[in-house]
Amino acid sequence: MQTTDKSAVDSQLFRQYQPGFGLPGAYYHDADVYAAEMERIWRPGWLFAGHTCEVAEPGDYFTFFMDTDPIVVIRDDERQVRAFHNVCTHRGTMLFQQREGRVGRAVVCPYHQWTFARHGDLLACRGMHEGVNKSELGLRPVAVETVAGMIFVSLANSPSDFAPAREVFASAGPHNFEGAKVAKALEYEIRANWKIVWENNRECYHCDANHPQYVKANFDTADAEQDSPEKRQAIAEVVAQHEARWAAAGVAVTHTKGGLARFPDPDNDIWFSASRTVQVDGYESESMDGRRVAPLLGKFTDPDVGVLRMRALPNFWNHTSCDHSVTTRLLPAGQRMTRARVIWLVDRQAREGADYQLEKLLPFWQLTSEQDWHLCEMVQRGVDSTAYSPGPLSKLWEYNVQAFIDWYLSKMSAI
Amino acid sequence: MQTTDKSAVDSQLFRQYQPGFGLPGAYYHDADVYAAEMERIWRPGWLFAGHTCEVAEPGDYFTFFMDTDPIVVIRDDERQVRAFHNVCTHRGTMLFQQREGRVGRAVVCPYHQWTFARHGDLLACRGMHEGVNKSELGLRPVAVETVAGMIFVSLANSPSDFAPAREVFASAGPHNFEGAKVAKALEYEIRANWKIVWENNRECYHCDANHPQYVKANFDTADAEQDSPEKRQAIAEVVAQHEARWAAAGVAVTHTKGGLARFPDPDNDIWFSASRTVQVDGYESESMDGRRVAPLLGKFTDPDVGVLRMRALPNFWNHTSCDHSVTTRLLPAGQRMTRARVIWLVDRQAREGADYQLEKLLPFWQLTSEQDWHLCEMVQRGVDSTAYSPGPLSKLWEYNVQAFIDWYLSKMSAI
Amino acid sequence: MQTTDKSAVDSQLFRQYQPGFGLPGAYYHDADVYAAEMERIWRPGWLFAGHTCEVAEPGDYFTFFMDTDPIVVIRDDERQVRAFHNVCTHRGTMLFQQREGRVGRAVVCPYHQWTFARHGDLLACRGMHEGVNKSELGLRPVAVETVAGMIFVSLANSPSDFAPAREVFASAGPHNFEGAKVAKALEYEIRANWKIVWENNRECYHCDANHPQYVKANFDTADAEQDSPEKRQAIAEVVAQHEARWAAAGVAVTHTKGGLARFPDPDNDIWFSASRTVQVDGYESESMDGRRVAPLLGKFTDPDVGVLRMRALPNFWNHTSCDHSVTTRLLPAGQRMTRARVIWLVDRQAREGADYQLEKLLPFWQLTSEQDWHLCEMVQRGVDSTAYSPGPLSKLWEYNVQAFIDWYLSKMSAI
């Protein structure tokens, strides 16, 4: 039997780690490390699954794999969002076999027609002998929390309290994701460890050279190297200029300087965060030219609401402009593979071709994402080298990479 | 060195098994379990290799892989069917490199031209030094038994007695597979563990919804849920109606009720069986409409001979109608892969296009097979889940799945 | 953590080895054996990387993978050939991402623009905090030696002395590889263990049947089975006929009999060798018809210089005629995969189409190589069998296979 030698993972590797530097290479390719991550981070954690508008009506469902675990999210008869292990409780058949769809009032396993309610109960199992206890054979549930149109699930038996995250993500409320629809979703297989994807996400040190369209729109790369009074003043002016209008819209600027907001916070075990930031002058939306690319989304009448940014470890980030919202969901598929789904939301009433064009909606984040995936794959090839030795992290630019590593190591050693 | 930790496989997993339920998930994907199965079940067992008509003439051969072991079956100069490890005894070259073919009086290794007789002896090894003992360097033999046109092999050094199986499979004699030919063979890579394929085969609980063409033809799904006197009576009438004609043809009805014949029999270590069953009224052959799809096969003059069904663990089943015979051969190729070869036999004299059409011959079993392979692949994805927990087996429908599991576990713990 | 259990590899497998026979099967597919080979043979050894003419100008580079280690070879500003681990010292990005190319005076990492000199020093790392010591963050060097236009590298921290190999390979000097160019290079993925490729290379027992074009050109298969006085005389006559002209050209015949020169020499740890041999009458070059296929290469004015053959374990061999040179470089990529690059050199001034035609230059070694790769793949499939048992090696033909195995086992047990 192959088992994870936890103590070996903990002691041997952990001793190699040097604060201020990247993780030792084995963290990115060792099978036992990966197995430990599934047990300590991914299965216990709260994972973004999708948007509530992806399961708008009773019976709507979507599926995904968390590592080797097939999961289904479905809206039940009472319009409640549920999640289950997508595994028939009889012989183990994967019950829902499509990426997404809608089922009638009951879900019938294609193998032996065991029939489950949309809230998971086993309704019928014709052909079974007397004495089979149907009440014990419902679909195995997965914990679900929804907040502001976002669905989070946890595979843990006793998940951690979601309330603090709920409070933070409620800031997306005015954008009304519940009233949105998926304009487009792209699925990627990134040939890189999931931590490489996060380490890429957690700094904009790489942005100037790699994301020309992205750095034109925001202040992520401003002022990071040194807190020059001039730059700080320039941002303050932009902030001041918008503050009043935002306040009228009921939202507040929460990140008022250049560089990335601090995230995560390993000392306080904060794995979720949201901040609203200004864009550069002339940008109303995260688009190639800063113009809006869809009708206003949510309750706003003034487009001047900046950009709401949210993230949650280990698998979610989102950027929401006044007119559209872009979500990235990560899922691990082995040490050297991460699946990403990038989802573009627009108002449900908006008509493709008339009210928005995909060729204007997609490029900003499609380019940024694909530029990043390529970088991540090149990092994987390098850290796979037996000669790889972690380098120093920039205290000016990579403080969030350090925070991510600290958070990660605290989770890995927590058990 | 990677070794199979037998005691771990035995104790840890076995303790998880609960009678009346499916096997724990690890049995379907753990590498050590798979290695143990090769050692305890596949290499010691008798494996169906092919039909004697596939090697009709001296020098005819076919090859296959049992896991990583290349095997060749060949008819020798004395018309005897032989089997060998398809590995040159010099440097290990795979000797026969095609799926099938015919060799002249000697087999020449393409690498260094070591030359072997069709009965395996090393005839020549020009270029070797004095003192090389050719008599020790013949091809390494694999045990072979043939019965009624079927070839079984065993990779064991001391295979178990084949005589009881021979006695049972002799019931295929009147169908004269020796006088048949392969009308068509299809090869499949099923992305599922071999046991999932067997568990699928050992019940018709899934047939009504998945195999419409199959259940129209037979009584496999009749009367299984409850022994209703009415159904039993209906079958008895069909049986009575055919009995006399079958007796005239020299065959007997051996399965005279609905549902599947009991197989295997773990208590008596019975891994082989044959039974002759009636079809529903109007069916003369296992075809889409019940009509014959080829000239009569074998010694029969009356098409009314029902269907002979044979099976042997771990890798063979066959359904033989009056006019054609369909064989399925399984071979494992890793924990999550099973190769299947489905072979259609018709009378050797029958001419394709004139005496039979493939579009009428194939669909019944091609559909049934492919429907099953898809189900098996969906089960594999489910049992790979860390959340998979075996469900109860129906005592009405899945008694043979239970018997298979019992047989399997007895083999796995036998060493 | 997955670690190589060295003592297990050493003791368990080694005890199975029987002198005079091939290696036990596990040596060709066991993951721990492969890991030990990387540590004991490939990383400590001197590996042929490429020709100096592949990096003719400062900034020219080429890359390759030694197992999972990306390596780059580059000519620096002082025209010195350097090699580095192709891994950025910051976050581990694979720095050079193409097979070959030319960089300007500095190499800029695409991720965060750390900038390295072509001799490896870190020149700039804008964005890092104060106190980062650039002098410690240069590219990690790989030892390089060049001799007669050939580049060898070693991943060892303290490589073995290259001087003896340099002395031997200096015999290629007159052929002036420095003044050559790559006319063509072909890359292969051979689905076979690297040792199978060497064992194929180390005997011409297989040549008569598999390499018709090759055996027409030389005496490799002459006289091997028995030292017949007639054959010996025939070769002596050819040698005598050429000796004087070669002497005038400043080269000497060093292999004056049929069969392969003895290599390697495990007793004296000789992993490199060179010999000059005659071709059969009428052959001036290793080409399909023996005619020259390119202008003279090097300092020669008389085409009658025989064929210089060089080899170095674990990854290099070369055959050089008067007009062109063919190099084979091996690189391991897992237990069952070897990458080969075959490189044809001609004089740098020669113009394709005018002075040489690829369709005349390539076939002799392209055919020979591809014939061998197929044989190697068939051997891999055979030695993967659990039934594989090593056969005896011919003392007449396979003395060099025995020498290779002896050398290999001495390396494997040396630590």
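Descriptive notes on the structure:
Letters A, B and C mark the chains as written, and numbering starts fresh at 1 in each.
Just so we're on the same page, a residue touches a chain if its C-beta (ideal position, glycine included) is under 8 Å from a C-beta of that chain, and two chains touch if they have at least 3 such contacts.
It should be emphasised that the depicted structure is a prediction, and the values quoted were computed from it without experimental measurement.
For the copy pair subunit A and subunit C, the superposing rotation over Cα atoms measures out at 120 degrees to the nearest 5. Because subunit B and subunit C carry the same sequence, their contact can be compared by residue number, and under half of the numbers here are used by both. With each centre defined as the average position of its C-alpha atoms, the distance from subunit B to subunit C rounds to 48 Å.
Counting partner chains per residue, subunit A has no residue touching two or more of them. Residues of subunit B that touch subunit C in their complex: 1-2, 38, 43, 67-70, 85-95, 97, 110-113, 126-129, 132, 137, 140, 155. Contact residues on subunit B toward subunit A in their complex (touch as defined above): 5, 8-9, 12-13, 22, 25-26, 30-32, 199, 205-206, 209-210, 224-225, 375, 378-379, 381-392, 394-397.
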